[in-house]
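Starting off with a structure, shown below.
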């Protein structure tokens, strides 16, 4: 049956706009690559105008800020690109992994602790993934409920107490370790970015995550087990959150169920600032890394200039809105 | 349509199952961790009459302090034949207010209240009085104007703790012109605010020669405090900083790590804090932390029960006029000299 | 041929009509959950009912914001900024000495926040999830800045306390306002043209445009409603507690979502109801009060509410049907696996 | 060639030199059209001829680039509201109802009568009832649209148009989703409305319908008006010739002589929503066609066979070099050499925002990767070859699939499956929305596939296409096989009569 519907009509429109896209408007260019430029500018400006910013110690601090949240963010990028908004439960995941690492390693040694943490991460990833991928339930609500459950269990079993690592253990050494001004934690972030970047761009799984984000139906009809893809995306996030938990625990050599508050939305903020679209499909792990750096540098600079917490929050909010506004406007321009 | 109804049915059944499970959970609870509601068998052991008491706390075993606060409290309650129902509002003023309504409605013999937000509990107090239920305040006192509505208070004086820490700072500095940095608790949290003000105002009064160069929140968190401290050091310039204060030991531990990370020796700095916890006490002994203020969670928990017991047995009456209506927790200053003293053995 | 033709079933029997009406409702799960909760609670914690004014208070506390949020959800949009809005408006009302003026100012602030949200969503064209995420941070910051990062006591404490007292029987102003808000919004989305059109905006936006419905204006209305209601909640909390807490609303956002979802509101929009949200809020409220009374510790409560929420989302009839279906057709195939060589 | 259109009453609506471009592509090119009171005016044309675009301009949903629409002598401002005010009502082709609102509300969507903003439900229902009464359809006014059958929704759409008391009623393929009985009813109804002085613009592919009820016919091809004539002065053949142009006609004869081999796929007792027990076989090198009216359950059938949708009963056996496998679900079907070119190319066939090679990789991951890591070089070569094999123009595999025209997009979809060298391929409406040139190429491609020994199952509503491609045609009606036509016994008449299931609606 003939069906020259609006979609067909739009198709032509898209075709045209797409072809004219070859000569991109400046605004578009900014939307595409702006974050890199802005980050560079921000760093440059900070070096020039903010005393002490360029000092090695401070660079270390920036890295310390960036590392844990960054590791969470690069992982969560998978969930975002797969078009499932975000994983709220990273808050519970990071804390759980941190507590398990310290508490268990004190009793049964590090290897077992890591194994236990991995197990916990797997459970989180699979529960979230199955509920979203197989039951087609909304990711926001699913991960919201797993946050409740996860934190509840953690607090129940940890009794909310602080767990201390041994003053001189492997964990401690790692937490203090640095390569020049770069703390190991930041190296981990870097390595995670490289690995996950590779997974997202070069492996079948990463490819499927992206194509799922672009068009779920077409991906499924190509013979893909889409539920598995979603589960995979949540598993990657869970593992990243676990590593973040380890880094956080090592850094402070303590762990408590109340740590990592607000990591959910802060990680998402970094991802969005990096230019990854919450509609799925578009985005990259590298962008997330840059987004994290941008946010960390900004916070660092605000603290250095003695700005109070309230204003810091406002700045972050404003930043998010501007980032997406630029993106939205550029898309409008492209339509013309 | 049929399937959807099946779906609903399953949902319902599972919900019921879940709810019943919860019932069990509450029962098993004391076994799992010795906190939460004590089961009646405890009170039975005491013979004598038993009292029903609601304890409205803003934290429970989701926080280190609460975790060590509860067991002594429950032990004492069992001993005095008090049947406790404990709630935890997670420092949400609205939630606690609602829990207060629940408690008043339950018409217990007494209410132990640990204000989540001192400014917001006036209505709760009035409701309790209207219902003739004695209220004993624990851990964080109410505002002066509300004190007459309570039977008494046992616990620390958060402002005083800040002040005490400041006094130690003044002694340490001993008249010298020094600059220090300040790490505060969770932004907007009332204990954080009180301790902060206590410290600041006492410094201003007793030793104006100490200048607070910068302050940032550390959110009761060691890792966040370390970064915040380090950044403040950068901001004001390490050379200008001779001291550091944090509103609790976890945070000062972070601050001390920040110094170490720069290859600085904490011993060269004037450092004071509050808590004398498992984290802080070793630092005092090692000499890195010059002084902290001991806060005993067990004292706090026990005396909350003692207090409400007095109120219920008429030893103390409405208002704060009669003696014994205010039990201030001894907040001994802990320094390297008495750090190993059993009387200040860390509890959390 | 006949001048009229009969297509599709038409129920005439009373039972049939009833079945039809039920089939048309979206609150199914909410009702089941509520029933389950009420039954269990009736046995375990009858106090929940004997002191129902308390339960009412808690329901109002959870539900009010959820009502406003639902208006936005019906259009397939989200508003993550409600909690922060609540905090800001609370601080505003406390900062202004004259209570009346303060209340008005706070409510105006709420509406303005709604306008800003809607501007980003409808005019700039940002996904509401992100736009309001930004506002979530910005407004929380604003609350801290305005309150100087500490609780703000209201000037006329007595008035505040008076506000907390029951008016008629167990009905406190909070409960009354909640009921009024419910009625108002319910009437709006079920009787008022503009409100009904929320379903069109959420259910089939293209059709809404084609039918000449001012979609953008509707989106503005929706966000203004949720902003206003959130502000209202902030005002009530501040007055009842006699002080504003810049950190307020920590649990509000999630609780509201839970209530809306359990009530059968479809996050993609176009399907759901205010009644559903009321039911969801009631179920949650009663559950919480019961758990509080039985002294269950917070961690257990969380595990619980989380579990129920997880159930609520995974048992969406549509999802369930899909899962059951695929399972069945899998069985269909597996059951008949053949030995190689057979056939052909 | 414009013989005088039959005259009666005065002109109600007139389009003058309408031009509508999308980017560079001209969808409607200088088309004029005038309709008189009480006239039923047919607008016919191939897919993509610009019919729907023209109608959207008339209905004020999209704005023309040049030319004007004149209603009752006054030029019409663009905008849905204006055109509705001017008494123009469009019955959309893709249903534009709100699923969770009631029938009554949908009928008056956006125009519900109000007092102080409150909907006057009594009045609302009265108007809705009247509208339904007028088209003589009875349905519960408070029923949610989401619970109505597709056909019923179509009538609600029409009622909605009627409810606005339009002077001009535009229907875009209204019978697409209707059974013959319903169609017949609709046509009588339209004649009744016209008799009462309503002007109707009727878009359809079904020439018999046009012949039966229309006074005048305007034929569009590639966005241009190729003919306007009184229906009485033309013939079905004449209309078809003008619609399709000659070249396709010639193709029609080019049947291939098939030599079917062994059975590749056997489906037995297939049941699913809309499918009521179908058995069929497809042999190697054979092209089996599924004919029938839209809504007959053809798409549902093929999706149930390959497991893309769940089936409630039935069993599908796939034979590969003597071994028989029962297909459990969609994925197992794909693993066993089944390929599926879906009906909805843009939503189901392609990830438009991804590159051609990405789309091709989607189905051939295993071959193009080792240990889960994708081999870029191989991917490039692989997709380049396929792109050229299916004659993608230009064969730039880095380009976004969305940048290609409908025909090329369809070629990409086919290419991504060819990569798997399937021995059984399902094509659902393979040339919908595809231009004539590409259409011919795709036909060649499909024939070539069959000649190579692939078993092919084609669903098509485009009769000439079906007749040209298929060796065997199963005509589906009401989810069952109404009849099977071999080789020469298949022609437009036999297929249609089987599809309609009764004496064909005819002039």
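Note that the chains are named A, B, C and D in the order they appear, and that numbering of residues resets to 1 at the start of each chain.
Here, a contact is a pair of C-beta atoms (placed from the backbone, for glycine too) under 8 Å apart; a residue touches a chain by one contact, two chains touch by 3 or more.
None of these values were measured; they are calculated from a predicted model.
Leaving out chain A only, every other chain stays linked by touch in one piece. When chain centres are set by their Cα atoms, the one at the greatest distance from chain A is D. Taking the mean of the C-alpha atoms as each chain's centre, chain A and chain D sit 43 Å apart.
One finds 41 Å separating the Cα centroids of chain C and chain D. Between the Cα centres of chain A and chain B there is a gap of 34 Å.
Distance from the chain A centre to the chain C centre is 28 Å, each centre being the mean of its Cα atoms. Residue positions of chain C touching 2 or more other chains: 23, 144, 149, 206, 297-300, 304, 307, 312, 316, 318, 320. For chain D, residues touching at least two other chains: there are none. Across the assembly, chain A contributes residues 6, 155-156, 309-310 that each touch 2 or more other chains.
Contact between chains, using the touch rule, shows up for A-B, A-C, A-D, B-C, C-D.
Residues of chain A that touch chain B in their complex: 51-53, 55, 57-58, 60-61, 64-65, 68, 155-156, 159-162, 164, 176, 248, 251-252, 254, 256-259, 261, 300, 303-306, 309-310.
Taken together, the chain D residues at the contact with chain A in this complex read 22-25, 27, 46-53, 56, 62, 93-94, 173, 176, 205, 294, 308, 330-331, 333-335, 340, 342, 346-354, 358-359, 361-363, 365-366, 369, 372-374, 376, 400, 402-406, 416, 429, 432-433, 461.
Across the complex, chain C is touched by residues 61, 80-81, 84, 92, 96-101, 105, 109-112, 114, 117-119, 121, 133, 136-140, 142-144, 147-149, 151-152, 155, 182, 184-185, 188, 262-263, 266, 307, 310-317, 319, 322-329, 332 of chain D. Contacts from chain B toward chain C in the complex involve residues 1, 3-12, 14-16, 18-20, 22-23, 25-26, 29, 35-37, 60-62, 84-88, 90-95, 97-99, 101-102, 105-106, 117-123, 126, 186-190, 193. Interface of chain B with chain A (complex): residues 32-33, 35, 59-64, 66-68, 187, 214, 216-217, 219-223, 226-228, 230-235, 237, 250, 253-254, 257, 261-262, 277-279, 348.
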